[in-house]
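Both complexes shown next keep chain A, but they swap its partner, so chain B is in the first and chain C is in the second.
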Partner chain A sequence: MSFPILSIKKLNTVFHTPSGDVMALRNLSLEVNKGEVLAIVGESGSGKSTLGFSILRLIENPGEIISGSIVFHSPERDVHILDLSLPQLREFRWVNISMIFQSAMNVLNPIARIEKQFIDTFEAHNIEGDYQERINKYLEIAGLGKQVKKMFPHELSGGMKQRVNIALALSCEPSILIADEPTTALDVVVQKEILSSIMRIKDELNLTVIFITHDLSVASSIADRLAIFYAGRPVEVGSADKILRSPQHPYTTLLLSSVISLNTNREASLKTMGGSPPDLKKRIPGCSFLERCPIGEEACSTYDLFPAKVHGDVFVECIHPGKLEFEMEVNK
Partner chain B sequence: MLTGRRLKEEKWLPPSNEIISFRNVDKVYKSGHTTNYALDSINFSIKTGKTLSVVGESGSGKTTFGLASLGLIEPTRGKIYFQGIDITSLDRIQKRNFRSKTHMIFQDPYSSLNPYNNIFTTVSAPIESFQKGMSKEERRNKAAEMLDKVGLSPGADFLDIYPKSLSGGQRQRVAIARSLINKPEFVVADEPTSMLDVSITSTVINLMKSLKDELNFTMLYISHEIATSRYIGDDMAVMNLGRIVEYGSPEEITKSPKHPYTDLLIRSYPKPGQKLVPGETRHGDYNVYNGGIKGCTFAYACPFKIPECENTKPELREISQGHWVACFHPIN
Partner chain C sequence: MITRKYLVTRTSYAVLTSAIALVINFLLPRLVPGNPVYTILLTKYHYLPPNQIKLLESEFGLQNPNLLYQFQRYIIELFHGNLGISYYYFPATVTNVIATHLPWTLFLLGTATAISSLVGVIIGKYIGWHSGTKGETAISALFMGLTSIPFFWIAVIFQLIFALYITHLLPISGAYSVTLVPSWNVAFILSVLRHSILPIFTLVLVSFPGFSLTMRNTMVNQNKEDYLTLAKAKGIPERLIVKNYAARNAVLPVATHIVLAFGYVVAGAFFVEVVFSYPGIGYALYVAVTSLDYPLVDGIFLVITLTVIIANFFADILYAYLDPRVELK
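Showing the complex of A and B:
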């Protein structure tokens, strides 16, 4: 049995821009189960980072969470994140939920030794106890030696910096780690090492991971469940195995078919999706994927998105789930 | 430039089916006490009319290889021939002539286009500088025609707009249009899709492949992304710490890699729908190495290392028809 550790309901996050409000998250509901790796997958601009920032209430001007609720279920009590006061929020963040930021390789302070960056974090979140012991422990968990403590960021490779970020994000012992494209800037070898570390750490620390990526191959290599994002909403959510074997939403199907793998036929041209995502400044009636959907029909434009259709334990936001035939050159 | 002790190489003449030939090329970067071999005794050729994919980890020297082949950086040692002519010692007119036959496409479509130039100015820049005397009318027609070719159609509608109103994929198409407008004979594409979404990546790759067939140039495709490299390449070269360690057909290299380093690269590649097994990682940290190593560059982490690997440099040798590997104990 799986229990939700985080419940997001009808969340709306917008960015107020001179040319109109960008609805980055549109009435989004999503549950994250305790101990799982949930991968958030979608194209650029689909709202993945905005979700991460919203959970931690890090949305800054011109952005704003305009409605919805985010509840963190700790063993003791339920925390309504959107209702916390600023001091409460400071105490809550990092200790319960922490985040590795997209392009995090550049977020380390360039003029402070790694050790200092840990100590600053501890002090900011009122952590007590032996700091050195704690730093050593988390550096080791992230696969780094003690000598890194005394080093400056410029002395570390991209992969090592990303490990420091992981160690920092874990060092206040959160229950949930949000990792936003943690390996995108890295090459495959280092990527695999970082992914393996995250998997191992997750088991050791009984962590829940929200893993944000645009790369379905990466997502499928570590996720228990997938949430496929399109235009500010998850359009398909469920067991990674099931979705990868038989995607139900046409967007998921096309996304999966366009993965370039080592078995892609070299003689044929690559499958492409065509079109582009809808303008989030405009109200989108019905299905947001309609314009690009090969099997879209009249009814899709008036389709009431909520509640989504249920297909086993996979939730699909489509009136004809599974209808688009799926063929992928799977690994032999 | 070379002294008598390298007399043999000075007399060396590249075969006519090779557009670019590297002879004993080193590129050494010195900073403080470290000497970094970005290219380490490269002896290698690119075949006329083919696409060569170069893969390898971050820092393996791929970009340096590309820049050197275009004469954009000067090698520390050795010679580089373009169609039999040594590009390391060209006079001004020869240099101009060489530049007009070559072009580079960069990684980041957001920073490689000048935001203050409209698309016409950007795309027509190469004819502006290399085909003086063409009327503006002619240049506009030519630019529009090229934009049509890269799928921005009608091209004429794009001429007067600015990069800010284009998506990432469209910008990369503009960059491709600019690179091909002067009908170059040799094009270097350095990670041209790494900033783009999967769906856009496929479109750009399809485009480059079909344009290559149509316009018949030679391409050096640089990427750490092995699946796209395999797809687009006629040949594939694997780089490790400044050296080419394996070379052959992309199909064969990815199916049965012979160099243990290539094997590591390929095993690290996330496969769609396949869960990662944590634990299996490389021993040792390559970041402490700067190339210029006496033996094999991969000896520090190679599971099959023998004493010879530390002391003798393995040269590229042909172990089966067209498949070259620099290893004393290639995999089966």
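Showing the complex of A and C:
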């Protein structure tokens, strides 16, 4: 049986820009189960990072979380993250939920030794025990040697910095790790190594991982469940196996077919996705994918966004779940 | 990080610039038309006694007009601490005059720069962190105004206030009370401190707003830095984020600004010393210029140049100490 560890309900996050408000997350609801790897997949600008930042309440000017709730279910109690006072929030961060940032190359303080950046975190949370031992342990888990402790960020390679970030994110033993494109900036070999070390750590530490990526093949190699993001909402959520085997949302179908055609290198006999995502500054009536959807129709423009449950635990936001996939199978 | 290589390159830069400064300092007065010996004799005797000409020419090393010969002599004399003889303070040597005036200026400038950079950085850190608020906008505007006020104007205003309205509260001229003999006793030191209040306050008032504004700007830019986001995410208390993350990074460019501004403060010290009749090097320069005391002008310029070079050298060292990345540049 799976239990939710994080429940997000009707979350709205906007960025106030001079040319209008960008609705980066639109009434988003999502549950994350304890111990799973949930991959958030979507193209650039779909709101993946905004979700990660919203969970830790790191959205800053010009951004704002305007409504919704985020609840962290710990064994002792439920924590309503958006209702925490600032001191409570400070204590809550990192020991419960930590994050590996997309901009990993610049997140380390350039003028402090690596060691110091661990120690100040431990001190901030009154963590007891031998700090040096603890740092060594997590550096090792992340695949780094002790000597890194005494170094400055500029002395590390990109891959090493990323590993330091992983070690930092784990060092306070959080329940949830948000990993925002942790391998995008790295070459394929390092990427593989880092992915496998995250997976190993996850089992060792009984972590829940929210893995953010634009790369469906990376997601499919590690995720238990997938949440396919489009224009600030998850359009399809469910077990990775089921979604990969039979995608229900047309967007997922097209995303998957592009991955397959790349992997097998065969002539892309399948439909490719033209167009671009909708302007998030405008209110989007009905389905946000309509403009690019091969099977879109009149009714979609008035479709009241609502995740419909299809087979098992898969939720889809589409009037005709599975239709495009079916048509493409037939045409093969 | 201060590495040996860094130290060696910085030192050689300092030595090289000093050498160039020496050459310029040697050449400049010699490019000026006229004969210093005639000038001296004419001002003193109103005619040219031939025996005196010979004597003074050999005294000044002018009997051989070859530039290289003179340069060699100049360097040798310099390394013996001999910068010539002052006309105005005759028979005191230039070295002597500088030695009695320089400590006052160093005291004035050192204290003023220390106070204004400290105050400037602290205020800048605070208003930078709270940028965008009404209070910050008002303070920034005020500081912008303050930076454009000339040194001497403030100095003169203080003179007026303390001479006309609040008399006898603070002395407005000199470095110590004329009734005292310089010595390390309490009365003398107190007198020195009291006399230094207005000049130092003037220097601080005009230079700290600039430091504040630089610090404010670099602080504001910190907000966009990803390491600040990580620090917040890690749950570091705000007080420590400001101190160890934002301010520690923001102060790096400010350190350079403070040193660059040093030259400006030296110029400021000139006006302040003149207005307050403070017996520093700036005052000596004023006297030297108004009395056409070329050797003294020359010597003082050399000292000022060397001071700025030395200050720059220490700034580079400080910068490397503060920023571990410097060795790479």
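The rule is simple: the second predicted complex is superposed on the first by the 310 of 332 C-alpha atoms of A that agree within 3 Å, B and C clash if a C-alpha of one lies under 4 Å from a C-alpha of the other, contacts with A are read in each partner's own complex, and residues count from 1 in each chain.
FYI, a contact is a pair of C-beta atoms (placed from the backbone, for glycine too) under 8 Å apart; a residue touches a chain by one contact, two chains touch by 3 or more.
Values in this document were obtained by computation on a predicted structure and should not be read as measured data.
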Original post:
Which chain, chain B or chain C, is in touch with more residues of chain A?
Top reply: B
Subject >> First (chain B), second (chain C), both or neither touched by A:157 >> reply: first
**OP:** Would you check which partner chain A:310 touches, where first means chain B only, second means chain C only, and both and neither mean what they say?
**Re:** neither
Subject >> Contacts of A:215 with chain B and chain C, given as first, second, both or neither >> reply: first
Original post:
With the two structures laid over each other on chain A, which partner does A:44 touch: chain B (first), chain C (second), both, or neither?
Top reply: first
Subject >> First (chain B), second (chain C), both or neither touched by A:121 >> reply: second
**OP:** Please work out whether A:295 is in contact with chain B alone, chain C alone, both, or neither, and reply first, second, both or neither.
**Re:** neither
Original post:
Does the superposition put A:192 against chain B (first), chain C (second), both, or neither?
Top reply: first
**OP:** Pick one for A:90: touches chain B only (first), chain C only (second), both, or neither.
**Re:** second
Original post:
Which chain C residues qualify as touching chain A in the complex?
Top reply: 1, 223, 225-227, 229-238, 240, 244-245, 248-249, 252, 322-325, 328
**OP:** Name, in rising order, each residue of chain B that touches chain A in their complex.
**Re:** 57-59, 167-168, 197-199, 201-203, 205-206, 209-210, 224-228, 230-231, 250-251, 254-255, 264-266, 268-276, 278-282, 285, 287
Subject >> Contact set on chain A toward chain B in their complex >> reply: 43-44, 157-158, 160, 186-193, 195-197, 199-200, 214-218, 220-222, 244-245, 254-256, 258-262, 264, 266, 269-274, 276, 328, 330-331
Subject >> For the chain A and chain C complex, residues of the former touching the latter >> reply: 56, 58, 60, 90-95, 98-99, 101, 103, 106-112, 120-121, 124-125, 152, 154, 168
